[in-house]
Amino acid sequence: MIEFRQVSKTYPGSDKPVVEDLSFEVLEGEICVLVGPSGCGKTTSMRMVNRLIEITEGEILIDGEPNTAMSGTQLRRKIGYAIQQIGLFPHRTIADNIGTVPNLLGWDRGRIKSRVDELLDTVGLSPDEYRNRYPAELSGGQQQRVGVARALAADPPIMLMDEPFGAVDPITREGLQDEFLRIQQDIKKTIVFVTHDIDEAIKMGDKIAILKQGGVLAQYDTPENILSEPDSEFVSSFVGGDRVLKRLSLTRVGEMDLEPANGGTDGLLRIDEGLTVKDALSELIGSGHSRAVVEKDGENGLLTFEAIEDLMGGASGEPSNGGESSA
Amino acid sequence: MLYKILEVYARPDFPEKLRQHVLLSLVALLVAIAIAMPVALMIRNSRLGALIAINIGNIGRAVPSLAILALALPFFGIGFGSALVALTALAIPPILINASTGLREVDKGVIDAARGMGLSGGQILARIQLPIAAPVIFAGIRTSAVQTVASATLATFIGGGGLGDLIVEGYSRRGPEILLAGALAVAILAIITEIGFGVLERAFTPKGLKIAQKRRK
Amino acid sequence: MSNPALLLLQDLTGGTELVDWEWLGENFWEDILPALQGHIFLSSISVAIALIIALPVGILSARYRKAYPPVTFVTGILYSIPSLALFAILISIPGVAIGPSPVIIALVAYSLLILIRNTVAGLDSVPPETKDAARGMGLTDRQILFRVELPLALPIIVAGIRIATVTIIGIATIGAYINGGGLGTLIFDGIQRQFPTMIIAGAVLATAMAIVADLLLLALERYLRPWARVRRT
């Protein structure tokens, strides 16, 4: 667990704080996404956790202990670290790169080697093919995978990730995000994740901390609550005019409570249970139907506009925040 | 002619001249490394320091080597020591400039990742910055070495000895075989230095960086 | 002589004055100025001749890639031969008399590697899509060379001229040993007569000349790169 307690950061020679009175908790095994416009202090906040930047006021507790209880380098060896620039060491092989922290911690060679192979497998790179290559021989997406593997190497309970999938094209990024979420289901790390992209925040976060200029916390909540109840003008404009649709993308059709489809379903549109509600709605409108059949556990459910409205809290049409287009 | 040249190499004083030349160059180079490297390490995190070092280095490069050797004369007098001081001063700028830029040009993301994983300042220097900057640093040492071997030929003008003695002797006595013998010996020594340090430079370039260089092309 | 620093230097050198201002004043027109003029002549004519050779060789090397390694090998060897040795070898050739000619030949030889390498690097730096666009608009190979490639390569070529010029100004001083003239005359005479003033005059003027040439060519390099100037501001 990571707890920010009234954390502020002011650089010497400046009277404006870059982070101001920040307090929130990241629960064990959760991904907390720090998101906000540039200059909101999200990266600074993250870098204060492993003390790459020192706090001016307040404290950060890790499992109840202040993070100043040990030296900065000791602390950082216990916290995974992955960044957008990746920063793979160009003169070291992939295996040496991944083995960096285990090496610092004095693991024996056999243990490092088997850990490296295990991690390469985890991130979907064949160990035999990649362990002795050099970073320059890998594509951008592969390098990002190695960056994540390197951060996971010593099995740290906590990870800091600063736009870790930022340096690749959108399609590769989506793939890496999905894969990482799948990995996270097994490893259950406590993660502070920084991004400027609200869609990535909604997708990756168990909790989202939205920061605004000057490092002030605007809202801290689950993605659902932030989308359904933005508690300020700033938050609602930051999440965008399509926040209703974004909410729909949080749920899959298979997770909805659907009325059983009695009688004939012939001729009706069929929708895959794995689709997000947003995509299902798009199919529905596009096909000109008002209802569709979703097959789940061998039973047919009926997806209707009413069912989708119920999902959004029964209200027939979320207030669309005057003035904003809902495209 | 060729026979006459070979006769010069058989002269009893030739090995001594060669020894002086190599010694002058080698000691000057080593002392220059011993001065330039610590300075480059000290200023590796300071933008101002690097700016000053590079500007001093550039001005140093604009001073003709003959001028530096000649200027040693009024201060340190005639002889080997005087030439050594001048050659050392000449050898410093290329090493300082390359070491300083090489260390500073290590990718910021790489350094940040290393810090973030808990490498200490010393570990980052020894395991990350120095190996990555090694090819650039060695290129500087190579430039410096070739230049020092060349400038050591001029040591003869301030009584510093070396193979330049033969050139001066051949020129003033109008002995073309002595002149050519000296010139060829110096030329071969310089080319050997150039090739030898080139091999060294490649040997100290980590494999991963060689691959990266090739990819970039 | 009330400058404390100079007095200190005077002490260090055992009483002999480092700079004899009176001598400088008396001999300025007779010795110093001709030496400076000679040096400017030697350096500029050498760079000019070197350019006349290096530009076509560089352009051809960029076109016919197989020719490039042997060209850099030969010019690289010329470049690494110490200057005094090269002067000595040149005046050993029957028919080459001592004087400015062998000095100019040597100085040209030294500049070739730098100039050719930068010409090739400059032409290589032109993006292939730019050349492709020019071809697509119907420019001939010759037009592409003169209107697209060379203008874009010019800043890098000028950067090469800068390095070559500074190098040549330094090496030209050594040419005085084989009667090439220039500022080296002051330095060699100063050594011979044990007269520091002459050494310092030659050294300071040669250094100043190198720095001035460097700055002028740097200004030219910036001027030729207006696109970079716009981006910087």
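All chains are identified by letter, namely A, B and C, in their written order; residue positions are counted from 1 within each chain.
Criterion: a contact is a pair of C-beta atoms (placed from the backbone, for glycine too) under 8 Å apart; a residue touches a chain by one contact, two chains touch by 3 or more.
Which chain is which protein? Per UniProt: A = ABC-type quaternary amine transporter; B = ABC transporter, permease protein (Cluster 13, osmolytes).
The model shown is predicted, which means the values in this text are computed figures rather than measured ones.
*Asks:* If you check the contacts of chain B and chain C, which chains show up for both?
*Replies:* none
*Asks:* Which chain wins if you rank chains by how close their C-alpha centre is to the centre of all protein C-alpha atoms?
*Replies:* Smallest offset from the overall C-alpha mean is found for B.
*Asks:* Distance from the CA centroid of chain B to that of chain C, rounded to the nearest Å?
*Replies:* 20
*Asks:* Centre to centre, by mean C-alpha position, how many angstrom separate chain A and chain B?
*Replies:* Chain centres of chain A and chain B, defined by C-alpha means, are spaced 53 Å apart.
*Asks:* Distance-wise, how many Å sit between the C-alpha centres of chain A and chain C, to the nearest whole number?
*Replies:* Between these chains, centre-to-centre, one finds 58 Å.
*Asks:* Which residues of chain B touch chain A in the complex?
*Replies:* Touching chain A: residues 107-120, 123, 128, 131-132, 206-209, 211-212, 215 of chain B.
*Asks:* Enumerate the contact residues on chain C facing chain B in the complex.
*Replies:* By the definition above, chain C touches chain B via 12-13, 16, 18, 76-77, 80-86, 88-89, 91-92, 166, 169-171, 173-174, 177-178, 184, 187-188, 190-191, 194, 196, 199-200, 202-203, 206-207, 210-211, 214.
*Asks:* Which part of chain B faces chain C closely enough to touch in the complex?
*Replies:* Per the touch definition, chain B meets chain C at residues 58-59, 61-68, 70-71, 73-75, 146, 149-151, 153-154, 157-158, 164, 167, 170-171, 176, 179-180, 182-184, 186-187, 190-191, 193-194.
*Asks:* Touching chain B in the complex: which residues of chain A?
*Replies:* 50, 52, 72-78, 81, 83-93, 100-101, 104, 134-137, 147, 150-151, 160
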